[in-house]
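Heads up, there are several structures right after this.
The following pair of complexes shares a single chain, chain A, combined with chain B in the former and chain C in the latter.
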Partner chain A sequence: MNLIREIWQSIVRRDPLSTDKGKSELVFHNVWLHIHPAKVKKENMRFKHTFYLGFITFFLFLILVTTGIALMFYYRPYPPQSYQDMKDLQFVVFLGPFLRSMHRWAAHGMVICVFLHMCRVFYTGSYKKPRQFNWVVGIMLLLLTLGLSFTGYLLPWDQLAYWAITVGTNIGSYAPIVGGKLRELLLGGHTVGEAALIRFYVLHVAILPSLVILLTIVHFWRVRKDGGLSKPVWKLKPRAPEQLVTIGATPQVAPMQTIPASKDKTYGLMEVVTGKPNFEIITPEEEEDAVFSYPYAFFREAITLMVTVTSVMAISLFFHAPLEEMANPAKTPNPAKAPWYFLGLQELVSHSALLGGVVAPALMVIALLAIPYFDRNPSRRPSDRKWAIGLFTAFVVVNLVLIIIGTFFRGPGWAFVPPWVHVVAGPE
Partner chain B sequence: MGIRSTVGACRSGARIMGKRLPQIFFVLSTLSLVLLIAAIWQATRPSWKTYQRHYFQLEAVGEPNAVTKAAVLATPPEIHQILLPGLHRVDRCTTCHLGVDDPTMKNAPEPFRYHAGLGPHVASKFGCTICHGGQGLATDVKDAHGNVPFWNDPLLSPEYVRASCGRCHKEGDVPGVPELTEGRRLFETEGCRGCHKLNGVGGSIGPDLTEEGASHRSPEWLEQHFLNPSKVSAGSAMPNFQFTREQARSLTYYMLSLTSADMGSYYSSVRLIPSPAYGRELFVQKDCIVCHSIGGVGSKTGPDLLDVTKRHSLEWLDEQLVNPQLVYPGSTMPEYDLDTNSRKALVSFLATATPQDAEAIMAPHKNVITPEDAAIAAGKQNFARFGCAGCHGTELQGGLANPNAQGGQVPSLLHLSDDYTKDEVIAVIRDGRQPPLDNVHGPTPPLYMPSWKSVLSNEDIHEIVEFLWSKQQKAKDSW
Partner chain C sequence: MNRRKFLSWGTAGMVALCSGVVVSLGAVIRFLVPDVFYEPPQSFKIGNPADFPYGPPTFLADEKIYVFRERDKGFSVASAVCTHLGCTVKFFTSDNRFHCPCHGSVFNENGSVEHGPAPRALNWFEVTETRDGQLRVDKNKTVPPNYRLMV
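Right, the complex of A and B next:
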């Protein structure tokens, strides 16, 4: 028994969790958990502040890595074996359809959640100083997520995959000068073929996930260094007029210096560096409001994880990932559609290739990246940011409307066909 | 706002500290475990295992020995598959159709019944789907039989299965499948190529048919289409050729057999069936009658071939066809580059050949041919081969309905010389043209003259015009 206890204590080197010291040590003696603070503010954990979208996105990514690695055991990235491997997953691999469906639905879910997470961060103004660059990192993660979904789309090598990638990469090729070259680089040729498949595979299973992991680390680290989650907007106080205090002076002598009064806790790095670190200002009453991360924050995260996993499993049990006929370059479906999240762009392309293929996506990405630097308004209160919120909402709505039109209202020849009208495409 | 948020904060404070968290976590974990078990349960009970259990029960019935019986019943379930790299397919049909190669199962109920009459087409070499269609990789009934979305090759109904013979046996005739031979003949003589491309040759008004059997295997649709194109395909430009039911069936068979899929060297090496009919075709094609005779009919340069199979062994004849000089040093018979099955076909024709055959073969050679006649004959062949007859009729009579074209139909070619010079006709064939309209505001007529310059050489076109001119009917009152 002693030996067992000794082994246990060699693994878990902290005081019992019943003590405050133990709760703290659980966090900062553990390499995985110490990205958390030992204590978190109660208000920050409220569901309606973040909807836990960042966590959900991260957990979906974990599901994708796990199921993705399992799928790699069954997948050969060259046609037509790739397609046959899909059929094998469907018909002979134990839990194969379940595995593939989980991967597919989690991937769609991640695209949606990463977008919703961006919206939440915008509406709560959480990208403002000092978090500007973390917003930029977040936008990069959004683009990487789209890239991962797009590269994964080709791998089943069915008609859906083949033509979605053909159309998707065509949209990119409208960019002047570099567009065509970029497409050629990505596809390893002028059309989607074997070379494109191996390139997409390498991007999908090695390069893009590695970049996502690296940037996610930066993303989390910066949230932590900026004092954890941003304060919920309902806890924001109106700005008090600055109080000044004078230091180093007696009423008789001229003051040495006059500085703004502050109740900040600050930590000076003596002798080496001067200046104030970028911690959020924590008032004493707010400190009262904080609780230990264990169990309150950790259980909430664990529950979020279970909700995410359970939802994806439940959906996968009842809805299987689609698989169409094997890719056939000679047989173009009408209409050929890009993956749904690019259908807004395809809709624009149908009106103007330059607008939808070049101007709109470039402006969108630049605008998103520039938001924290362009928006100089320091206030995070919604009542102070009517213009910003209005503009961003317009951006979201326009995107959604375009995607909905492209997905549901476009039929053969990209003609306007409402979804309740059934068009029978005759055999040739 | 202030008060509400304070109240909210207090309530949330209580929630934040809630003791429920571990319970919720526990419930969710249990739920995900239940879902996982459900997924595993779903995965471990595929329908093929049930079929295999029934099959082993059926097999065990006839076992007298109790030990063997128990062993049969205890056979572990497993997926059976036939790997066919030459045909680029994997057939798992035998996972359920366990009795296909077991003659004792000839009275067993489906799906366990023995497949009789396969001849050389054993399941282990050919699988199932190459003939029957369906989705070989699938392991449940609905998907395997292929009547599911996104599978283009569903199970063929028994009356059409023989059409699949033509997928490998692309040349010669296939014994027992006269529909294929007839369909192929109709295709070439009725002018289908005028509108349809097949293996790169043909017009472009209708769809390319090279992959028709691989991409669009719906026999019922095809047959209806041949009987009345516009009934199943509204607005189709294809005219109604008034085919009979048998002709429609034959053409359907031929369509179902069309695929450019590579069948692998094993399958293509035996695709010629050495039938007497194909041997006769070769006999004509290689002009054997120029030197040989059958029962005295024909040329006397070489030996007479009547009953040649009784005078020589089959091996001797085969060797003679491969290398004539080896058997008869100094023989003037040339070497023909014939593959094994072509040689067998020739020999099997010779075994049955009669003097009447020779006369029939000689008939076209009897007339003396002038260069003009030769050009007209070649033009006639071209006219048939490239499908001109499809629209203009085998007798050049025209008359196919072509709404809103001048006269409402495809023009007859019997009075061309009244309005055109030869050069003008050559230009129309070379470059094609849209028919003049009846009503300039009306719809475009579905049929038009395609441009033939990428398919026909100048000489071909010249020959066709010579043929047309040989058929011109002068109006009676012309000088």
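Right, the complex of A and C next:
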């Protein structure tokens, strides 16, 4: 018994969790947990502040990594074997359809959640100083998430995959000067073929996930270094009304508060330097409000993880990821549609490939990246930022409307067909 | 080593390092550009003239071309690749037009855009007769839509 205890203690090396010291050592003696502060502000953990969307996105990414690795055991990135392997996964591999569905639905979920997370960060004004750069890291993560979806889309090598990537990469070739070359580089050829499949595979399983992992580490580190999560908007104090002052009167200054040193607290200081910190500073009252991360934050995160995993599992039990006929370069399905989150783009492209497919998305990305540097209003209170909120909401609505039109209102030949009208056949 | 020497060696070192990085990046990108494409040839035989009927064009799926044969005029070959984003267009005899399923471009029988987002007319490819009497199409050579091969 003693040996077991000794082994256990050699691993955990902390005081019991019933003590405050144990609770904080749990966090900062552990390489995985120490990205958290030992204490968190209780109010910041409220569901209605973050909706835990960042965490859900991260957990979906973890699901994607694990199920993705499982699928790699059966998948060969070479046509037409790729399609055979998908069929095998669908019909003869134990748990194959389930894992494939989990991978597919988690991917859709990640696109949705990363977008909603961005909206949450915007509406709570959490990209403002000192968090500007973390917003930029976030936009990179958003683009990488879309890149992962796009590259993953080709891998099943079915009709949907083939034509979505044909159309998608042709959009890129409209970019001035470099467009055509870029497409050739991405495809490793002039059309979507063997060379394109292996390139998309390498991007999908190695390069893009590594970049997501790297940037996620930066993203989390930055949340911590910017002073933890932003304060919920309902806790923000209204701007102090302007006061009339009598010139010549002595200003009233509150005396400095001194906090008595306590005997049971120890502090370690690495170095004393001069200069102002560039993270958010909290007041002593707020410090009082803080609770230990264990169990308060960890418990919530664990619940979020469990809810995310069980939801994806439950959906995958009842709905299976689709697989169409094998890719056939000679026959374009009608209508040929990209994945739903690119249908807004496809709708734009149906009007003009250069303006809709290159210029508009490039401007959107630049605008998103510029938000924290362009919006110089220091206030995070919604009532002070009517313009910003209005513009961003317009951006979200336009995107949603385009996606809805592309998904539900476009029939054969990309003709405008409301979903309640059933098209029997095109012109023949 | 004096200050001047240190700075000039330092600068030279930095320049060497940066050029090394730039050259390596260039090499990596060049590595990704294939020198050999294992793709179907751009110039190929499609068979004997007699294989092709008069009337509606024949669609060759693997080559993605439409072969037209008109009485007294001869052969012409149109590309089936939509000039918008590369979907395969389909010829409908009902209205004598090419329709693209992806974003609804419509091309008339000369390949000109009638409708939709396609920026250019469909390509027409050169078709010639080989010495053994077969038809040869060369996708590298585009020709005007009134080009015809009489055999």
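Criterion: the second predicted complex is superposed on the first by the 389 of 428 C-alpha atoms of A that agree within 3 Å, B and C clash if a C-alpha of one lies under 4 Å from a C-alpha of the other, contacts with A are read in each partner's own complex, and residues count from 1 in each chain.
Note that contacts are C-beta pairs under 8 Å (C-beta built on N, C-alpha and C of every residue); 3 or more make two chains touch, one makes a residue touch a chain.
What you see is a predicted model, and the numbers here were worked out from it, not measured in a lab.
Peer 1: After the alignment on chain A, I want to confirm one thing: do chain B and chain C clash, or do they fit together?
Peer 2: After superposition on chain A, chain B vs chain C: clash.
Peer 1: Quick check on the superposed pair: does A:Ser210 touch chain B, chain C, both, or neither? Answer first, second, both or neither.
Peer 2: Neither partner.
Peer 1: Taking the superposition as given, does A:Lys331 touch the first partner, chain B, the second, chain C, both, or neither?
Peer 2: A:Lys331 sits against chain B and chain C alike.
Peer 1: Once the shared chain is lined up, is A:Thr19 touching chain B (first), chain C (second), both, or neither of them?
Peer 2: Neither chain B nor chain C is touched by A:Thr19.
Peer 1: Let me test your reading of the model: by the given contact rule, A:Val349 touches which partner, first (chain B), second (chain C), both or neither?
Peer 2: Only chain C; A:Val349 stays clear of chain B.
Peer 1: In the superposed arrangement, does A:Asn377 touch chain B (first), chain C (second), both or neither?
Peer 2: Touch partners of A:Asn377: none, neither chain B nor chain C.
Peer 1: For A:Leu317, is the partner it touches chain B (first), chain C (second), both, or none of the two (neither)?
Peer 2: first
Peer 1: Determine, for the stretches 9-17, 45-53 or 99-107 of chain C, which one clashes with chain B when the structures are superposed.
Peer 2: 45-53
Peer 1: Across the two complexes, what residues of chain A are contacted by chain B and by chain C?
Peer 2: Dual-contact residues (chain A): 330-331, 426-428.
Peer 1: Applying the document's contact rule, which stretches of chain A touch chain B when the two form their complex?
Peer 2: Touching chain B from chain A are residues 42-43, 45-46, 80, 84, 87-88, 90-92, 94-98, 158-159, 234, 291, 295-296, 299-300, 302-303, 306-307, 309-310, 313-314, 316-317, 323-325, 330-331, 426-428.
Peer 1: Which part of chain A faces chain C closely enough to touch in the complex?
Peer 2: 163, 166-167, 170-171, 184-185, 188-191, 193-195, 329-336, 346, 349-353, 412-415, 426-428
Peer 1: Show which residues of chain B lie in contact with chain A when the two form their complex.
Peer 2: Touch residues, chain B against chain A: 5, 8-9, 12-13, 16-17, 21-22, 24-25, 28-29, 31-32, 35-36, 38-40, 42-44, 79, 88, 90, 92, 135, 137-140, 143, 149-152, 207, 211, 215-216, 218, 221, 233-234.
Peer 1: Which positions of chain C touch chain A when the two form their complex?
Peer 2: 29, 32-34, 37-39, 59, 61-62, 64, 84-88, 90, 92, 94-95, 99-104, 116-117, 119
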